Structure formats: structure tokens, C-alpha cells
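You will see two complexes here that share chain A, one where it goes with chain B and one where it goes with chain C.
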Partner chain A sequence: MNLRASLKMLGPLVALLVVYFGFGISEPAMFNRTVIINILSQSVIVGIAAVGMTLIIISGGIDLSVGSIIAWTGVIAAFLIDQSLSPILVFLTAILCGGLCGFLNGSLSIWLRLMPFIVTLGTMQIYRGSAKIFTGGTPINLPFDETRYQLWMGGTGFPYGIFLLLVICIFTSWILHYTRFGRHAIAIGSSPATARLCGIPVLRTQIFVYVIGGAMAGLAAMMNVAKSSQGDPTTALGLELDIIAAVVLGGARLTGGQGSVIGAVIGALLMTCIRTGCVMHGIPTPWTEVITGIIIIIAVVVDRLRQRHTLC
Partner chain B sequence: MRIFHLTKIASLSAICALGLGCNSTTKDEKRTRIVMIPKGTTHLFWKSVETGAKQAAKEHDIDLTFIGPQREDDRSQQIDLVTNQAQKNDAVVLAPLDRVALRGVALQVAQMGKPVVIIDSSLADSDSFITSYIATDNREAGRMAARKIAELLDGNGHVAMMRYLQGSASTEQREEGFLEEIKKHPSISVVSSEQYAGATASQAQDTATNLLTRFTRDGKLTIDGIFTSNQSSTYGMLQSLRAMSHAGNVKFIGFDGDASFIDAIKKKEMQGTLLQDPARMGYLGIKVAYAKLKGEPYEAIIDTGATMLTLENLEQPDIADLIQSQVP
Partner chain C sequence: MESPRLASTTSRLVMQGIAKTFGSTNALRDVDLEVLPGEVHAIVGENGAGKSTLMQILSGAIKPDRGQMFLDGKNYAPRHPRQAREVGIGMIYQELSIVPDLTVEENIMLGNEPMCGPVIRKSLLRQRALKALAHFQHPDLQPNHLAGSLSLAVKQLVEIARALASGCRLLIFDEPTSSLGKEEISQLFRVIRGLKAQGVSILYISHHLEEIHAISDRITILRDGASVATLTTSQSNDDQIIGHMVGRAIDDLYPQKKSNRQSKILCAESIRTHHHAGCTSFELHRGEVLGIAGLIGSGRTELLRCLFGLAKPHSGNITLDGKVIDPCHRIGWQHGIGYLSENRKEEGLALDLPISENLTLSHLHAYSRCGVLSPRSQAKGTQHWIKQLKIKCASHNQTTRNLSGGNQQKIAFARLLDHGVEIFLLDEPTRGIDISAKASMYEIIRTLVDDAEKPRAVLMVSSYLPELFALCDRIAVMHDGQLSSTVEIASTDAHEVMRIATGSQPDFLAHTRA
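On to the complex of A and B.
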């Protein structure tokens, strides 16, 4: 199990190193401390959300509403900060709000017997619209003298957000592999019918998976607010695709049963690394998009080929 | 049978006559319906366009619909909006997301005999069928930014420009105007103009951080001037400069208004931002469409002007009014 898990991570890690050193050889500034911090901190938002998404995808689901949850929770958090609520309460509310959104996603797909793809396609619009209604469409700026949140995503040293991502990543990976709940989630993703026959509480586990996914999106929203000092109802548009791409790059199968939390974080780092590398090289933005797309496809194909050889 | 028919016809024509009578008396009271379709509805800029439009609608008792696409790069949704809204309204005032993509549908509306007024961003090859083009002279606004940066740098140094989005005519014209004017200063070199910020402030901030990192050597910025061409890219750049503790060490000219830009100008983290007059744009957009419908005179091209907001003129009453109109 452990050998397999670490093998699973090896693929994305190799891809990350190849891309990073590839850019680094022609532009040594890539090895600077600042650039490394940039890559790490720009991966925090996608990374945290991708950890939650990995759980969801492993259990056979999907959450398209994650970008909207980040926007919706973000505007609520910014509103509360504006009302000078203490940071701990703001963080808790954001996690709770994200968790509730996740609960709605999970319970709707179960009670209405709809595919999560369809349910979250709907809630994606609902959460996004709610954010726009709540703010009247314009971003809520944090008070200009509010600096407590900036340390999470900025400041001179390593932003706290990076450590948060690390802790979440390790903790969730442990949950997935060493707790009953984690194993249940994997079993449900592999075969829901078998899981049910084995006496696994399928519905409860599935809902809980979505709640965790939503809570992670809530934390990602806090990081987004901390980063841009505002709650923007249009932020994170299309971010769900970046997040899903990170999870897939990390070795997950969209059909469920397989995936790696650490791999997903590496996937997020890989995409940020490409973006940062392209800017550092002065490569025009449209080319960055093409390059990102090509690397995503190559990385996943290589990973699949390698798995066929080593595991089967 | 015949008699029955006759009475039927008689009563029908009576109803018709009544109806016509009613029509002729209510015709003047029937409110003119005009739709305004902005590029998006979330930027503050569009809020002030809406304020201006509402004022004009109030003055002429116009039934105004203000509706935009959900995201500022969704051309196809805007095309659908124009098609659908043209059915229900007497005139269309449009801020096209794309100068080419929206041309076909605008032409269709014009061919239906309904006035099309273009605001904010130009539409390709459209002089023959649109009623009027009302916008900031964006190229000139870009030149103003370049002149200001050249003045701040005493005519020499390294300058970076971060673009907004591909295909957005208004910002592209600003960017071109900026590059055109800055070329006149041989000792100023543009070290980067190839990066696009992207649609949201959060994306802009990542791009800005990477760009600034590229031009940081030993903790110091190697660029002396920065220009960004719209609200979200300016916001992202400002946040990034602050996070990297570079704010104030570089001359920074932005575009559009936001409370945080005013704050930054006061703290000397920004040397200026170009304010357009969106409320006037919205106001004139509706006015001109109405004039066309009523057969009154109007102008085919109207420049609503750009104003450079600086620390020096922040308190002037006319500038303060302009800020008031677009910064909550």
C-alpha cells in the first residue's frame, strides 16, 4: 500500500521537477528564494481546494461549484472582516459556510438521485449568483488598515498559507489511508454497489466527503481574501477546471477509486510552475496557455503508461 | 347567417376603431423602451454607466433595461443578449466585448430599423450602420499615461506595461497609445508588454507578482515605471506591489477608479490613475438613442474624455465629483 502510494506520487513529482529545472536551466532566477516562495504561495488556493476535490473524486463524485464556493464564501468573509469580527471567528465561519455548501451539494445529489456533475453544475450558478446579490455585484474591500490577514498569503518570509497547505495535505492523506472513513471513500469510488454490500454507510460517507470538500473550498476562499484584500464575487471564475486538472495531474481517475492528495498538491505546483516560468521568460500569455495544456496531457498520458507497466 | 356576419364585421370594425382610437391617444404615453448592454455588471465602472443611463431615462421617461453578460469575456452570451433584447426594445445601446464578434448581431439590429448606439469600446467597420459611438478616446488616454510616466522619470528608465485581456478593444487602444507615445522617448525602454493580466483581479495579482519578481535583483526593482490599462489589472498590480514591499519605489500609473487607488495615491504608492467618465457615457448613450428615435439631432462620435487623477488635483471640486460618481 505504502509502496504503491509513493509510486503514485512519483509521476507528478518527476513532471514537476522536469518542468522546474527545464525553466531553471535557461533562467537561473527560477532558483531564487522569491521565485520559489511565489510558486508555493500561488499554488495555495488551488492546492487547498484540490485536496478537498481529491477526496470527492476518489469517492466517485465531482464538484464543479468549487470556484463559486470560493467566491461566495470569500464575500461573506470579507463582509465579516469589514464588521471587525475577530480573525478566528472569520476563519471558522468561512469553513462552516464552505462546509454547508458542500453539504448541500452532497445531500442534493443523494436525495434527488442526480449525478453530482449536474447538481454542482446547478449550485455553481446558485453560489455565484448569491455572491453577486449579496455584494450588489461589486467587490467588498477590506479596511485599508487591516493587515492581519496579509501574512497568510504575503509578507516578507514564507506566507502562513504555505504551511496551512502542507498541514492539510499531510492530514488529509493520513485520513484517506489510515482511517475507516478514508478507506470507505476509496471503496465507494471503486464500486458503490460492492461497498454497499460490504455494509459501508455509503450515503453518510458521500455526504461527509462533500462537506470536507466544501470546507476546504472555504479555507481556499479565506486565502483568496487574504491575498487580494477583498471579497470579489467574480473571483475564481473557471478555477474549478484548474483544481480538477491539479487532481488529475496528481494521478486521480475521474471514475473514482484512485487518487492521491499529495499528488494533487504537486499537480497544483506544476501548473503554477509553468505559469511563473513563462512570465519569468517573457513568454506571451497565449503561449503560456498552450504550454500548460500540452504539459497537462503529456503528464497524464505518461503517468497512465507508467502505471500500466509497474502496477498491472 | 349573412346578417350575423354583418353584425360581426360591424362589431369587429367598431372594436378596431375603438382600438385605433385608444392607440392614437395612448401612443404618446407609450414609453420608449431602450436596452443598455454593458460588458459586464460587476465592475464599478458599469455601475456608474448605469447611474448615468438611469438619469437620462428618468429625464425622458424611458423604460430602461440594463442587462449584461455574467463574465467580461463571454462574447457569445453578449451576442445572445443583443438578439433577445432587440426584440423587446426600440433601441440598443451596446458596449461590445469584442470589436468583431459583436458586429454581425449589431448590424442585424440596425437592419431591423432599430438604432444601435455603441459606447465604451469600438465596433469594427460599423460607421455606416451605427447611430453614434460614445467613448473615451482610449488611444489618447494611453498617450496621457505615457506622457505622465515620461515626465515622472525625466525621460529615461525601464518601463513595464501589463495588458488586460486579448480582444478588448478599449484596453488594447490604451496599450497601443501608451507604447506609441513612450517610443518618442529614446531613453525609456519598455522591458515587458507581453503579459496579459486576465479577467479577474486575483489572476492579475499572480501575473503582476511574477512580472515584478522577474524584474527584481537583490531585493530591488530594476524597473522605474509601470502602466496597467484597466481597473482589475491596476488593482492586482497594486496588491502585488504592496505584498512585495515595492509600493512607492516605482512610478505607477493605473486606469479607472477604486477607493484603494485613491488611498494609494495619497500614500504615494501610485502617481496617478486615469479616470473616464462612465456616468456621462451612460447618460449620453441613452440620450443619443432617444434623439435618434425622436428624429432629433445628435453627434456621430462623442469623446467623453479621460482625466489624470493625481495627488495634486485630488481635492479639486470637479475631480472630487468625478471620483464620487464612480468610487463608492
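On to the complex of A and C.
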């Protein structure tokens, strides 16, 4: 794996560096410590969820409900924090809740034999609606003195969330490349018939992939709560598309079999970097969106050209 | 009937000194080819001899570096495939390009619809489609049926009709029989003879020498990118053709057989699949190759899938070393059974994964501890088989897609070997691979069963009778899910096997034991 995988990661990394230094040359404030920390911490939520999404996409699936899982799990976590539950238990509950949502996604698409696109299109609405029902439509606001959680995403020092993203990213990448489960997931995405022929437990592996994806979304939800100090049922609306974009920017193929966890995190950083750079240059938000879209398309086209080149 | 060759003095197609280089590889060095009007001209050659490059040049998909082409005496240098179609060159590819959700007539006229402004002229479209379909009277070919519901053989006819509707003078067939049954092949041959009688020239690419003998007038043999000989079919034999193909005489395509049959290992009792009415019983012994002949669709693949556990039998028992295996709860690997799929590209291999991954996918547990893999031992295991089976590849990390069919098949087979299975279920193990790769597959298979210390058992399904007869110790024939009794290979012949396979002589047993 090593050489090939690291070459594959090089593409997104080069794109990230080009964009970062491109903005940095005309606006040196990009190189400030606070701006760097800001870019990193803004990437944490999308990044963590993108790690889980990479696993799902590599195994040939997709999860459109991840934004809703973040909202629904966030609401529950905020409720528990409000009830003064200890932070460890809150974290565990969020991971469990996200994992259950993922389990529902995976098992529904397998038992009903539906495409995951359809199933998660449905559960996207279900989880979002549940969050709104649970809170009665209004956010659960946390008291401002909840400093224990703020350290994860803000505060004065280096936010813990960045370390969390780093650890998760490395760990998942290791799982993908060096464990049987990881290789099975890739094989299933690459050729489901071959996986079945080789006696791989296809259904179990697929469900487990969705559970991990959901659990990662649960962790992302915790970071979201820590960042906004509230459990808002309307948060992370449309975030699933940012997350999928990050995964694709990282070199994943939407039909499965190919993808990189580290690439996905770089993809998340790339998108934050574009947004931050645009803000610092005073480019209005609508233009930022246009630029982000263009860069996503260019990156994917360049990646494809590069792969075709190495084939010959 | 008057020979069409006398009717016209100009050649339909002439290719002179065609050469094409990709990067550093000479795909074609020097090809000369002449096709007469109304001639069926076969092109043979091993995989990698340059057949597909030559066809791509003819169809305008790529341009040659050197050489000239003439179509009916006029200079022919297509810039893109559409131009080739316009001047009357039609291609029938192995992978058919039929749109399943359109009707037969729409498929025939696809890209060539008679228009009135932006509107398709339906009646004219029907008329032209019917004219093209008139070349072959076939009951299943109704212009208003959905193409997706047709069988593969009929889809192929639709594709031929499409070429004819666009006024084709030269029709190129690339391995047209690879997924057809015996009856469908003879139907295709009738169609080809009909086209020939109307003066259409045919280029026929195939691995199957019998077919080439049956249908072609002349044969051009390609080797290493050059045309080495053009023979008149009626005056040539297989040895000659193969000799030209490989550049040396192949006298030992098939290995020597030892008789090494030992104890019974697998026993199937009245297995019935879900698709067929008949049922199947047989015994497989260590140290033998048991061949299963039969037509495509007779239920041979279903039987293997049931034995392996990829499909559930409708009824019946499978006994392994005297123990009945629960049909609900098994996949062959756990019982020392390995299955080589007939569908190498979609099922046999995950083409985008590296060689080592494909080779070890069924038994990653052997290369891992507590679920954590050791890539080093995986690489070592793979390299062993790359060396042992002489698989041509850059490294064990290479993507499987870039290898030739023969090398891909060796990797799929090496998975069974590396897994260490005792029973090999081989489904069309030599389909679509070239002659040298076939020879080495035969050798591997025989070594497995003839091994003195640990003889393995092989159950082999093949549609190619000569290889079954050369390789197997015993043979049985499948007809509509019903397997005949097993007989010694020496006590039967190809004629007999075909009779049972086609259902004209159901009682094999009485005949051979008498």
C-alpha cells in the first residue's frame, strides 16, 4: 500500500498547499498562529465526519443522513449536559447514539435491499425531525460557564478537537490498511461479487461500516455542541454535502473501492482554507461558494487525469 | 452457388504495412491483410498478438503510425469511429452495446434515426429496422419488443442488424461466440453465411479453431504484432495454425495423465437447483479430474455454486468426507472447497485491487493476528505464487486490471492454491485466455490431482470438449439440470457427449454399461 497510498494523498496535499500559500502570499495574515488554529479547528467537525464517511464510501455505500445525525445526537448531548451528566458519559452516549443511527442506516438498506442513497435520504428526514420533536423546535442553550466542553473547540489554547481529529484520522487509516476488517471493506466496495465469492462476511462488514460512520458523526456532533454551546436541531443543515465533498477531494471514488482517510481530512482542511482565505480577502460569501465549487470540480478532474496517466 | 470471389476483382479491404506503437511497446509491427467481397476472413493470434489494436485501427478508434488502408479500392483513413461506420465498417464487440430500455427497432436505428426536424419518423424507422431484420428470420425478434428482455444471442442479432441498417460492407466480429451455446452458434453461423451470400465481407476474430474451420474461407495469423501467414481454411489444419500462432510447434498442449484415483471426498445426492427440474448425483474422488460437459444454461454453473455455498440447492444432500454439510450454513472455503468463477472480471477478481489482495482475499485470517494484517507475509505469500505460476506482472502490488486475461486467471486460481483447498470447483477455467496460458492451466490442474502425497480433487466445468477429454479422468454431462451418470473418459467420445448434452439421448447409463 505504502507508496501508492502516499502518492494518492499527495494530490490533495499539493492542492491544499497551493491554495493556502496562494492566499497567504497576498494576505500574510494567513500565516498567523490564530488563523492557522482557526482553520484547523473549523475543519474538525467536517473532518471527523468525513473520516467515517470515507469508510462508508470506500465500502460502496453513502450516508446522506450524517448532517441530521450530527443535529440529533447534538440535541441529545446538549440535553444530557444540561442535566449535568459527567462529560465521559456524555461523550459515550453521543458515540453510542450516532452508532445506533448508523446501525439503522446499514441494517435498513440491507434488510430492505434498498440503495443506501434512498435509505439515508429517508433517515435524514427522520433524524432531523426527531431532533426538532425532542426539543420542541428550539435549541437547548447551555450556560456559558460550561468551560469543560469549550476547551474542545475554542478557548485560549490549542483546541483538543484538533488532536481528536488527528488521532481518529491516523487510527482509522491504520484500520483501513492493516486490519482484516478494513481490507474486507475495500474489497466489498471494489467488487461485491468477488467479496461474496471469497467468503467475506459482507453484510456484517457493511453494517459495521455504517455503525462506525455514525459513531464518528456522533463525535462530530459533540464538537459541534462544544463549539456552539447549544444543541440546535437545525444545525449542520446540508453539512453532509460538505462532508462528501471532503471525501471526494481526498481521492475517493463514489462507486467504492478507493479512498483515503487522510485525504478526506486534507479535503476538509482545503475547504476551510478556501473559506477562510476568501473571508480574509473580503470576498463576499456567495463568491466563496462559487470558488469552492469550482475548486472541487477542478480537483476531481485533475485527480482523474493523474490516475489515467499512471495507468499507461 | 457461384463463388463470390470470382464475382469481383477488387478487394473489399486491403491493409498494408500497418504499424502502431504505444509508448515503448510495439503493438503492431507490420500487418498486411486482404479481405475479399463476400469472404469470411478469420483472424487468429494469441492474446497480445495485436488483434484488438488492429480492430481499433480499422474502426477508426486509433490511428496507425505507418501503413495504408484501402476500402473497395479507395484510400481509407478514418479519423474517428463514426466515419468508419459511415463508409460501411461495422463492429460487433464481445460486450454488446444494446440499450436495454429501448425497443429492438430503436436499438437498430440508434444514432441513425430518420428525422423530420426534431421528430423521429416512426414509420420510416420501423420500415428500415424491418428491412435489416429481414436478413435473419427469428421468432423472438419483434421490432417493438424491449431489447433488455432478449437473450444474449438475440441481442447480438440486433447488433448485427444495426450494422446492416447503416449500410455495412465489412462486418467485424470480435469473439462473437464467447457467451453463446451450441445451438446459438450454429444460428449465428447461418446468419453469417447469409450475409456472405449477399456480398458482405466478414472479419472473424476467435480463439476457437473449430469455429474458424467451420465458418471461414481464409485465415490470417497474427503473432507479436505482425501478420505471419494467410492460409486457405480448407487446406490447413490445427497444428499448422497453432504452429504459426506460437511460432513453434505445440505438441504437448495437454499434459500426461496418471491414474491416481483414491478415496471418495465429495458426494452429491440428488441436488436440485432452483432453476432446473432435473437433479444431480455424483461422487468426486481424490486424485481425479471429473469433467462436466453440457450446454450453456444447462445448470452447470448453478450446480457448482450450490456445492460451494454461493447458492442454496432446492433439495438434496452434500456429503464431504462422509459428513453431511448443512446447506444453510456453509461457504465452501471453510470446508476446504474452492471455487473459480466463470466470470473472472466481475466475480473472480476485484480488478482494481492489487494482485496480493486478490490472491489472499479469501483467507486474510492466515495473514493476520487478532484481525491485524501483516502486509509483509501477504507479499511473501503472493510472490511465491507469482514465481510458481510464472505470472507476468511488475510487482505483487500491481493493480490486477492491467494484466492479461491469462495472468488474471492464474491469480484467481492461485487464490485456491494459497488457501490450500482440497476440492477445486473450476468453472470454465480457460475461457478467454491464450494458448500458452491454457497450457499452463492444464499443467497445474493435472499436477494437483497427480500429486503422490496429497492428491487433490478437481471438478471442472467446460464448454470446450477437447480440453475435457484431454484433462479429465471421468466425465458427466449436464442437460437441463439433470446430470448423466459419470463414465470413464476412455469409454465415451465427443459425439456421445453432445448427444446427451442436446437431450437427444437421455440414457447414458444403459448405453455405456451395456
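Keep this in mind: the second predicted complex is superposed on the first by the 310 of 312 C-alpha atoms of A that agree within 3 Å, B and C clash if a C-alpha of one lies under 4 Å from a C-alpha of the other, contacts with A are read in each partner's own complex, and residues count from 1 in each chain.
Keep this in mind: a residue touches a chain if its C-beta (ideal position, glycine included) is under 8 Å from a C-beta of that chain, and two chains touch if they have at least 3 such contacts.
Everything quoted here is computed from the prediction, not taken from an experiment.
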Check your understanding: For the overlay on chain A, clash or fit between chain B and chain C?
Key -> fit
Review point. What is the contact status of A:A195 with respect to chain B (first) and chain C (second): first, second, both, or neither?
Key: second
Check your understanding: Which of the two partners, first being chain B and second being chain C, lies in contact with A:Q230: first, second, both, or neither?
Key -> first
Exercise for review: Go through the superposed model and pick first if A:N38 touches only chain B, second if only chain C, both, or neither.
Suggested key: first
Review point. When the two structures are overlaid on chain A, which partner does A:F181 contact: first (chain B), second (chain C), both, or neither?
Key: second
Check your understanding: Per the overlay, which chain contacts more chain A residues, chain B or chain C?
Key -> B
Practice item. Quick one: classify A:G257 as touching chain B (first), chain C (second), both or neither. Key: second
Practice item. Figure out whether A:N141 sits in contact with chain B (first) or chain C (second), or with both, or with neither. Key: first
Point to revise | Contacts of A:V279 with chain B and chain C, given as first, second, both or neither | key: first
Point to revise | Smallest separation of CA atoms, chain C relative to chain B, angstrom | key: 33
Point to revise | chain C - residues contacting chain A, complex | key: 22-23, 310, 331-334, 339, 341, 343, 346-354, 357-358, 361-362, 364-365, 368, 371-373, 375, 397, 402, 415
Review point. Contact residues on chain A for chain B in the complex?
Key: 29, 32, 34-35, 38, 42, 128, 132, 137-139, 141, 144, 150, 153-156, 224, 227-230, 232-237, 275-276, 279-280, 282-286
Review point. Which bits of chain A are touching chain C when the two form their complex?
Key: 1, 3-4, 177-181, 183-184, 186-187, 190-191, 193-200, 257-258, 311-312
Practice item. Sort out for me which residues of chain B touch chain A in the complex. Key: 40-44, 47, 70-71, 163, 166, 192, 194-196, 198-202, 205-207, 209-211, 213-214, 216, 235-236, 239, 242-245, 258-260, 263, 328
